[in-house]
Amino acid sequence: MMRGIAAMLAGLLVVAPSTPRVKTLAGSVTGTITFTGTPPKMKPIDMAKEPSCAKEHATPVETETVVTGPNNTLQFVVIYVSAGDMGTAATQTVKFDQHGCQYLPHVQAMHTGQPLEITNSDQTSHNIHPLPSKNPEWNKSQPPGAAPIQTKYDNAEFIPVKCNVHPWMHGYFAVLGTSHFAISGTDGSYTITGLPPGKYTLTAWQEKFGTQTQDITISGSETAKANFVFKATPY
Amino acid sequence: MGKLFAAIVAAIALVSAGVFVARIWWLPPDISTLGPAIDRQIVETMVATGVLFVLAQLALAWFVWGTGDEKNRRPIKRFPGGATPLVVIACTIVGIEIITLTLIGSKVWARIFLEPAPPEALHVDVQAGQFAFYFRYAGADGKFGTPHPDKIDEGSGNFFGLDPASDTAARDDIVSAELVVPVNRPVLLTLHAKDVSHSFFVPQLRLQQDFVPGLDIPLHFTATQVAKTEIVCTQLCGLGHYNMKTYLEVKSQADFDQWLKDQAAQQ
Amino acid sequence: MTTISTPHEAAVHHHAPPDSFIRKYVFSLDHKVIGKQYLGLALVAVCTGMVLSWYMRLHLGFPDAKAPGLGLITPEQYLQLMTMHGTIMVFFVLTTAPFAGFGNYVLPIQVGAEDMAFPRFNMMSFWVTFVAFAILVASFFVPEGPALSGWTAYAPLSAVGKDAGPGQGLGQTLWAFSILFFCIGQLLGSLNFIATTLDLRTKGMSLARLPYCTWAWFITSVIGLIAFSVLMPACVLLILDRVAGTSFFIPAGLVVSDRLQNHGGGSPLLWQHLFWFFGHPEVYIAILPGFGIISTILPVFARKPLLGPNVFLACMVAIGFLSYTVWGHHMFLSGMSPTSATIFSVPTLIITIPAAIVTLLWIGTVYGARLRFTTACLFCLGFISVFVTGGLSGFFLAQPSIDTYLHATYFVVGHFHFVMGVAAMFGIFAGTYYWFPKMFGRMMDERLGKIHFILTLIGVYAIFMPMHYLGMAGNIRRYSSFPADYMGVDLPVHRWITIAALLTGAVQLIFLYNLIRSRFAGEAAPDNPWQATSLEWSTTSPPPFDNFGGRHLVVAHGPNDYGVAGPDGRDYIMQAE
Amino acid sequence: MSTHVVSPARTGVWAAIGAITMSFAAYTSALVVRAGDSADWVHVHLPWLVYANTLTLIASSITLEVGRWRVSGRFDSRVSGLSLLRVTLALGLVFLFGQVMAWRMLAAQGLSLATNPNASFFYVLTAVHALHLVGGLIGLAYVIYRARLSAFPSPGPVSASTLGAVALYWHFMDVVWLYLLVVLTLWL
């Protein structure tokens, strides 16, 4: 009897890909990003030049090149599938805001061709200047109250973003060829869900420490584990 | 028609001059040792040119007012003495102004740009880039680290392209976005630009000097009052030019030392 | 010294009257058509430039206002408007209209020639200039728009390419090419003016008998010949730095937009020197024709000779020479050696002496005159007033030690707009109202003209005088807005200027209407409506194709014989009676 | 001076000479400044060919002068004079071709326009001179064409004065070239 049910389930699995119900059977991967060694000291940002932003922050914010959390965790690390099932292109709009003369979030990941909306919620005029190498380059100012900038990138690459008016403002667009990606949070943890069974290569990218890869296999609806450890240097 | 023109020109001349005299819009109070000399020269020039301005406009208005027209065929009058007196007048008046102004002016100019900074001057390294100023103090060792353009990384706050890994002098350099100086102490700035031409202008110091990429330009001043005032860029440097500014804070020596200590802790 | 041209040269017309429309009105060799073409180009350019300035003023006075067609003006858009306004006005209006425009039309007639010395060069001169303008306008329509580095295009901002900001890519390259072509056009024009003035004068027209505006155009063309042949190399080197990767103006180790520039060893100051060696004489290229026009027109309506004509000519020559010794006063604070600043300030102050003398001569001419208040006459008087105003504010900027405060403030903007902008424009207006009857055979409407003058005079003072006050308060030019800084308090002044500018701009519509209406419906003009002496009034209005209908005038008098006992009861003697 | 036979062409050429002198003065000052305040100023060997080209250009001036003298001379000498003008034209073309070869030689050394400032100035100055020389060639071609029409059987004064103007310009091009040669050898 039990065997019969098992057989039925197996049968379902075989026809799985075509039927939506199977999505529930997709697995996921989770893990934590940490570092060893001494990371560079993040410097407080002096916004003296821009009073309207300076007064947004009670204590001066720090640079975000290497953002560490408790027990040597790393924030703003992009983890994505670099080989294996790439998923389907995401269509919902990705938001990138300028607030308090900072980029929120510091790193924004998106699928190639995914709509990107850039807004300015400051009382000062910003200038958004992404510096791509594989995508067309543009450089636009966005005065307070101006309409959001709608755009998208068609080629996968990590694009540094800078504000020409406020030199300290730097961020990244992670334009990826996959919809399976995540960005590590304040505790350095991440989770990528909705991975159909199969073999995967995971890549973790940190703007200063570069990339690392791991191979994982998803056989069913289980949650795989993949931790990454970066080697940090003070300078 | 002539009388109307004369009236308008006269009115314009008097109103324009009046606003200057009333000093409705005037220079901000000066806080530097150079200020008084420069202000005096501006005032002297203002008086000299102001008088000429009013005289010339009123003369024009008066002559036009008094001109005959087709109806009363008043005989045409030649200017008494012809051109010669006018040439003499112009040469003498303008000549005198030129000589006096140049004599006074060149002295002031020399004090700003020709005299070297006194040896006890506080040395600050100033870098201008699109679109912000950054100021560097030598730190405890009194030595500046060598800047490397290729190492500039604004995202992680390395605006000068310092290389603390290999350059020990760079490790204790203090970088600030504001210029903070002690009062009544000569300050020697070294101006260099990261990308394009910029300019360093502090209205209250009556001091202005361009940054030229590729050059290190010295500039020295002494602030005479504790104050906080603005530093602005006056050389067109790109889209953020209008927003390229920061503050000059003149503190008492004690406050300055304290500030320097706090900054050193943050680096 | 008198140069008698052999009839052989002066008589033969260099080309037969064309019949096809193209040869007659488009690629015409006739100096009169080319002159009108230049004036037409200048008219289009001045309208464009003025509209651009309205957008700038709108943004400065009302930063949150949505500009028609542009919406909320961004900082880069503001700088692009500013750059194009400056470039268009200085090159395509103040150089083309008073010099190339009126010069082309009037000079050959005033010397008694049938055409310019080199009609083909003359035609090329215009069409090259036209191409230059087309290239400049084209840069509005390229991605990221036109250049934003100002009409002075300081390197390295202008040299490093697109990293320097929007418009610094293709837009700036087009700018450089446009100016290069413009130089070529003006050089061809100058050659013509010089050869025509020296070699094609009719019998009896000695240099001493040349009308003062012809003298002014001649001196201007000599200045232009030198100035533009220096700007041209500068443009070539700039273009090479931009497109060929050379490093004439770009020093090593520049990091622009986080990118380390692959250049080295260049000198930014080199550009400034080359540019201003052209740039300051350019100011006199713009204003000397105005000098000539005023000195020619004023006596006509004062009905008395110009006071001290020889002194006047001497002053113009002196200004021409001195204009090449003063360029450094634009660079007092540029990092050039401070000693040379003091050296440059001296000739800069000295050049005010001939300027002052000329002004006094005009005022002395007005003294005791029996003025006929035509619009042309009024614009001459207005010219004197604004030239005095602009000239005197130059006293401040000529002194390095004062420049340390006033440099790059609105004081400078007010100064040069009065002395080279408004003054030159008044010269152009005077010339237009004066020569329009000769050019089109119809009179302009004097009533509209006078309204136009009075409102314009008040308007320009309302616009540019307050800029001096802003300058005293340390308000910096070339700022797209004044956010939360010490200049914020000056906003009301900027509002006032903006409103004045928009109104004064609207007043110019009266002039445009007057032009168009008079062109088609103005009353017919006699040959010599103003009772003037120079040769263009000895022929029909408009003149025939060869200017004098085959007659060869013999000149027996100078241009200055007003208020004298002339033949048949006239109070003037024409040059060719 | 009391009277003189006016020739706008000559006046024009003199004015042009003034302008061209100014613009080469500008290039020179640029070169001097650039050489003065730069660390990257290295020595560049001029290709030997430029000296050969110099001889060609000087030769062209001589043939031009002789040609002029003959064209304005007795009838039987005019034919040879005209052909000498053609020789001048040819020599000018040879010079230009030689300059192009010289650039090729420099490029073969791995020196392109942007390699170093010296190379930049060499290419720019020689190219600008070549451009001006092309103007002279056009003028020369024009007078030869005019001479065919009007100079036979009798050379009209127009073509004579134009020929004089063209010759003046052509010799000036020689002078400019010699000047450039000196500058280039001194500074590069």
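To keep things simple, chains are lettered A, B, C and D as they appear, and every chain counts its residues starting from 1.
The working rule: a contact is a pair of C-beta atoms (placed from the backbone, for glycine too) under 8 Å apart; a residue touches a chain by one contact, two chains touch by 3 or more.
The shown structure was predicted, so the numbers you read here are calculated from the model rather than taken from an experiment.
**Q** If each step moves to a chain the current one touches, what is the fewest number of steps from chain A to chain C?
**A** Contact-graph shortest path, chain A to chain C, evaluates to 1.
**Q** Need the central chain here, defined by C-alpha centroid distance to the all-chain C-alpha centroid.
**A** Chain nearest the overall C-alpha centroid, as shown: C.
**Q** Counting C-beta pairs in contact, does B-C beat C-D or the other way around?
**A** Of B-C and C-D, more C-beta pairs in contact link B-C.
**Q** Between chain B and chain C, what is the gap in Å from one C-alpha centre to the other?
**A** 29
**Q** In angstrom, rounded to a whole number, how far apart do the mean CA points of chain C and chain D lie?
**A** Here chain C and chain D have centroids separated by 34 Å.
**Q** Centre to centre, by mean C-alpha position, how many angstrom separate chain A and chain B?
**A** 48
**Q** So how far apart, in whole Å, are chain A and chain D when each is placed at the average of its C-alpha atoms?
**A** Computed from C-alpha means, the inter-chain centre distance equals 65 Å.
**Q** Which residue numbers or ranges of chain C touch two or more of the other chains?
**A** 74-76, 165-166, 252, 257-258, 266-267, 269, 481, 483
**Q** Quick check on chain B: which residues sit in contact with 2+ other chains?
**A** Those would be 129-130, 154, 214, 238-240, 243, 245.
**Q** What parts of chain A, by residue number, touch at least two of the other chains?
**A** 124-125, 127, 141, 160, 162, 164-165
**Q** Mind giving me all the chain pairs that touch?
**A** Taking the chains two at a time, the touching pairs are A-B, A-C, B-C, C-D.
**Q** Quick check on the complex: what are the chain C residues that touch chain A?
**A** 64, 72, 74-76, 144, 162, 165-166, 257-259, 481, 483-484
**Q** Which of the residues in chain D come into contact with chain C in the complex?
**A** Residues 1-9, 11-12, 15-16, 18-20, 22-23, 25-27, 29-30, 33-34, 37-41, 113-114, 117, 120, 124, 128, 157 of chain D touch chain C in their complex.
**Q** Name, in rising order, each residue of chain C that touches chain D in their complex.
**A** Those in contact with chain D are residues 1-6, 8-10, 117-118, 121, 187, 190-192, 194-196, 198-200, 225-226, 228-230, 232-234, 236-237, 240, 244-248, 252, 264-267, 269-270, 273-274, 277.
**Q** Using the touch rule from the top, collect the residues of chain B that touch chain C in their complex.
**A** Chain B reaches chain C through residues 1-2, 4-5, 8-9, 12, 16, 19-20, 24-28, 37-38, 41-42, 45-46, 48-49, 52-53, 56-57, 59-60, 63-64, 67-70, 73-74, 76-79, 82-84, 86-87, 89-91, 93-95, 97-98, 101-102, 105-106, 108-110, 112-114, 129-130, 149-150, 152, 154, 161, 194-197, 199, 201, 203, 206-215, 217, 229-230, 232, 234-243, 245.
**Q** Can you name the residues of chain A that touch chain B in the complex?
**A** Residues 40, 42-50, 63-66, 124-125, 127, 141, 160, 162, 164-168, 170, 207-208, 234-235 of chain A touch chain B in their complex.
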